[in-house]
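In structure tokens below, several structures.
The following pair of complexes shares a single chain, chain A, combined with chain B in the former and chain C in the latter.
For the complex of A and B:
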């Protein structure tokens, strides 16, 4: 008998959802309640995909059909803990969510900031997942059904924020498995400019299902530098979904960083909906032990003269595995499209595995698209070169591995973030050294 | 300082390339090893540096460390470097994502550590670099660039000599440093090598041409053919080879 393409989620999902509705107790507008119900029904109808579904061929999440992760309430994270929050810097505008709930005590809003923050529940429009093409990822539907404290961050037209915005989704629980459904809508008005860092981190050691949905809308000429840093503990599961929609002449620079979680999957979809829009997607994942990371990107070139640049690099150790699946789709009429896509993987052990699947779908003549992928080990010639200068073999391997990462990280204009991500990598390599 | 006796080597599992080399190098000397293509010149330089593609099939190499001869062939490549051996590569390797400063300081401190000297801090190292950069005629912007990446041929060769200037080896082996160099770079590199030569160190120049020898007068010249040194003389031997060709040496040998 053939394996099914999807598995029906266990009853506890329904119990959680109905508990959430009861808790809201009709406090939400009927339209939103109806949307949540519709999303939940879609989640149940889709079920949990098995590896028979092409998009999930290398990433097995079927255990999520049964495993129980409960939404929990935040227990106080003391404001003084802010000093130790990861990737934080003085002068940031900071929004801190613990177990998915916004923490005013940890949040920092500089006086006179042009950033407008409002709850998603008060939004008059429907949630974007329903306004656009629904995703075939059931966890997006689950997020739409279950998010709490969803937020809209908006930069008004012609405003350039002088500081960066840092949104932290923290998971503080110990031992018990918990779930959070972070939901953000990021909207930049015409010619607005800003930098946003979103961090997903664990303060405790309990397993967490971090099920994120991020919607980004860039109006004409808007410029966004967006970084997502996933540094959850290695007991956690991260399922991320980011959908970007860009209008004419807007530009996106994205950094997709993964060093945490037992299993992480991020789907990043960018729709270039206006002429002259540009998207630069950089990615770096560093995994070891038995960690698994899966980055799916999809760039929709809908309009003429848009460009996209993708460089995703991965460092794998021990028995870790990684997937890069990148699709560049050039629609009819999108002439003058300029697309580049590259995925490079560095294998530090003989037992790790990288699957690279760069894809092009072109329905047009007048385009320039390149793609490629490499999977390999450190080059002997480079190792010998470093050793011939007195650097011992272990240090040489370290230096070359960090250099491999730096080829992506140097693209970050934000030097503080650059340093932070290198510090995360330092820990990745240091633990290796300890194990010898 | 260096005593090579009956050294035989080959590419791993390949035919023998070095068929019995004898060579003595003393402190303060500049040697030139000349030879036609395929004579084993580059093999000699790589074997001395411990390149993993080659294996030694016979002979000995003794290198003085603290005036005591040590078995160079028993040392790992990084140990040879820490003991004072430096190879300027014929084809310097590009290292993406590692800046010249980080690379040089790591190498410098690795050698300090091996020699029991405290490491240098970033500020002092910058001063040291500034001084050496001037010697090689390179500007500071180059320091933050990744090692050899997108360097021109001349820049790569200059970078090798800069590394040599910073690491101050006792035995510098220059593998065809003069090939592929434009005239200006050749002059700068040659003058740099000349100025780095002291009574306490030695230089072994491996070369096909005698271009570099116009700037640096070697004390001793060896002609290497078919894996053996067939003739040794003073600097006039290099001129004779240049005018009369390698066939003349073969006949005379």
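For the complex of A and C:
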């Protein structure tokens, strides 16, 4: 008997959903309620995919069919804690969500900021995955059904924000497993320019299912530097979904950073819908113990003369495992496409696993596309060179591993974030040294 | 025939040979399987092997995951056994073979006669489902090399067949492997004993002639310790409007220090411009480097078939074993190819090389799909993969689906792929030097495929170049 392709989610998903509807008590517009219901039906129809589904070949989430994660209400995170919030800096425009609910007390809006922030529930148009076909990822549908709070961030046309925007999704609970459905929509008007950091972090040590849905729209000529840093505690599960839609001559620079969670999965889809759009996707994952990380990227070259650049690097230790599944799809009309994709994995232990699936689907002859993938350990010659210069072996390994990561991180124009992510990596390597 | 001669650019091997054929009725059930086995007078273990495979096959669904499209195959609408009728009386030597058959093979350029010895190739020719003649048997016998049809091997060397059959591709490996294991009709068997370097290239030529038949041949090559052999296969079929199924299995076993080189020039009929007709080429090819320091090398030039769906693979079990895969896959008209390789690293210090060149023209789809797997015990594994695609025309597709599964930190794995087209600048440069456009394209394509062609035996390398030129003439310019 073959294993099924999907498992029916346990009854508690339905109970949670209906509890949410009851709690809103008809306070939401009927259209929104209908969207939630449709999304919930889609989730139930899709079920939890097993490893027989190609997109989940290397990542087993079937335990989520049974495991119970309950939505909880935020307990007070004192305003003075802001100084201790991860990756935060003076001068940021800051939105803080705790357990998925926006905390006005922790939010900081600089005077005269051009950024327009409105609650997702006030959106006049459809909420659920409006920027494209519904995803075949059931957790996106679950997010559309169950999100409790969210924001729409808009940068008006021709505005260039001088400061960075930092959105934090925090999980503060200590004990029982809880679920958060962060949802954010980001819109840049024509020729608008901004820099956005989204951080997913744990303040407590309780397990959390962090099920993110992020939708980004870039109008003509808009420029966005988007970084997502996932540093949840190692008891948590992170399921991320980001969909970007780009119009003519817009440009996206994305940094996808994963160092947390027992299991993390991120699907990043970029549709280049206008001529001359460019997308640069950088990614870095550093995992150890029994952590598992799975990065899916998909770039749809729909229009002529677009270019995409991808560099995803991973550092794996102990019994960790990683997946990179990248797809560059060139549609028939997309002549003049220039696509590059590279995935490199550094294995620090004999028990870790790296899986790579760098894919190209090309239906136009006027393209230049390359991709590559490598898996290996530190080169003996490089270690030897450093040791011959008087550097002890542990330090040499450390230098080379950091150098490996730096190839991705130095691309960050945001120096503050660059320093923050290095600090996260420092902890990653330090624990290693203690063990070793 | 004249009509075809007037259209030299079309499929050159599209003629039908008028020989009387004996076919089993259409359809597949346990009786068909028993009848095939009985007709070949097989030992009991083979019948059991077939029946086990058949019973499992009945419970399976055909796989649909490949990046190809075709209507569901009606497995009951196929003749599972077709043999030229004159074979009934089992020819004792080539002189007894139906002259019409021999003329067919002459027309295909396959030298069946001993006098062609200078060609330096021993040939086993398979016509529809049965082997019609094997040349150079005596020279090979002197060296102790067994090279004969599969049926003959089952009669004369049942112990060898029993020992190795299904050890590389088990009958339950997949849907089409099970189908083949149940109904395979004939094929080639090669056994190179310990320490013997096979002095000449061995070759099988496959020809599908009868209509509505499926061809299910099975090749088994065993190289004992220190032995080496080079094996070449070629394939053609007539032009017909309906699709025909070809589901073969090739198994290679290399013991310590043995080396097997397997080259294919596949030119089954690929259908017409509208995508009518052509062969469905669903083949399972796999080699196992059983012994230490053994080597298996696959070279394939895939230029035909409506659908090509195969992944010649190597299981690198022995320490220090080596696997290689060199491929050129050309698709034109509405052909579809989903092909590549699997390299499974198990032993220590194993290495593999993958060079794949895909050329897609017209409305065709050409996909590379490959797996490099390094198991936890395979320390020191090394792989280099390069997959280049060339697109000719804006209606075609070129896809690359590599899978890398690395479970050992000592592994060094590199994968690269590029996609490009013949650029106007390159063409202009060559034409400005006095080459006409066809010669220029041919030069560029040959340059693109050079790394693969140079691994083919010389005569086949020449054939491959000509084949590609012929196919490209229609598609370019």
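The rule is short, and it goes like this: the second predicted complex is superposed on the first by the 433 of 436 C-alpha atoms of A that agree within 3 Å, B and C clash if a C-alpha of one lies under 4 Å from a C-alpha of the other, contacts with A are read in each partner's own complex, and residues count from 1 in each chain.
Note that in this section a residue touches a chain if its C-beta (ideal position, glycine included) is under 8 Å from a C-beta of that chain, and two chains touch if they have at least 3 such contacts.
Fair warning: this is a prediction, and the values are worked out from it, not measured in the lab.
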Superposition on chain A - do chain B and chain C clash or fit:
fit
Contacts of A:395 with chain B and chain C, given as first, second, both or neither
first
Chain C versus chain B, contacts on chain A by residue
C
Applying the touch criterion given at the start, work out whether A:405 contacts chain B, chain C, both or neither, answering first, second, both or neither.
first
Figure out whether A:68 sits in contact with chain B (first) or chain C (second), or with both, or with neither.
neither
Go through the superposed model and pick first if A:384 touches only chain B, second if only chain C, both, or neither.
first
Once both structures are superposed, the least CA distance from chain B to chain C in Å comes to 16
Which bits of chain A are touching chain C when the two form their complex?
54, 58, 332, 335, 345, 347-377
If we count contacts the way the header does, which residues on chain A are in touch with chain B in the complex?
380-382, 384-393, 395-396, 399-400, 402-407, 410
Taking the complex as given, what residues does chain B use to touch chain A?
49-52, 76-78, 80-82, 86-87, 89, 92-93, 95-98, 102-103, 106-107, 110-111, 114, 146, 163, 167
Which of the residues in chain C come into contact with chain A in the complex?
65, 374, 376, 379, 389, 391-421
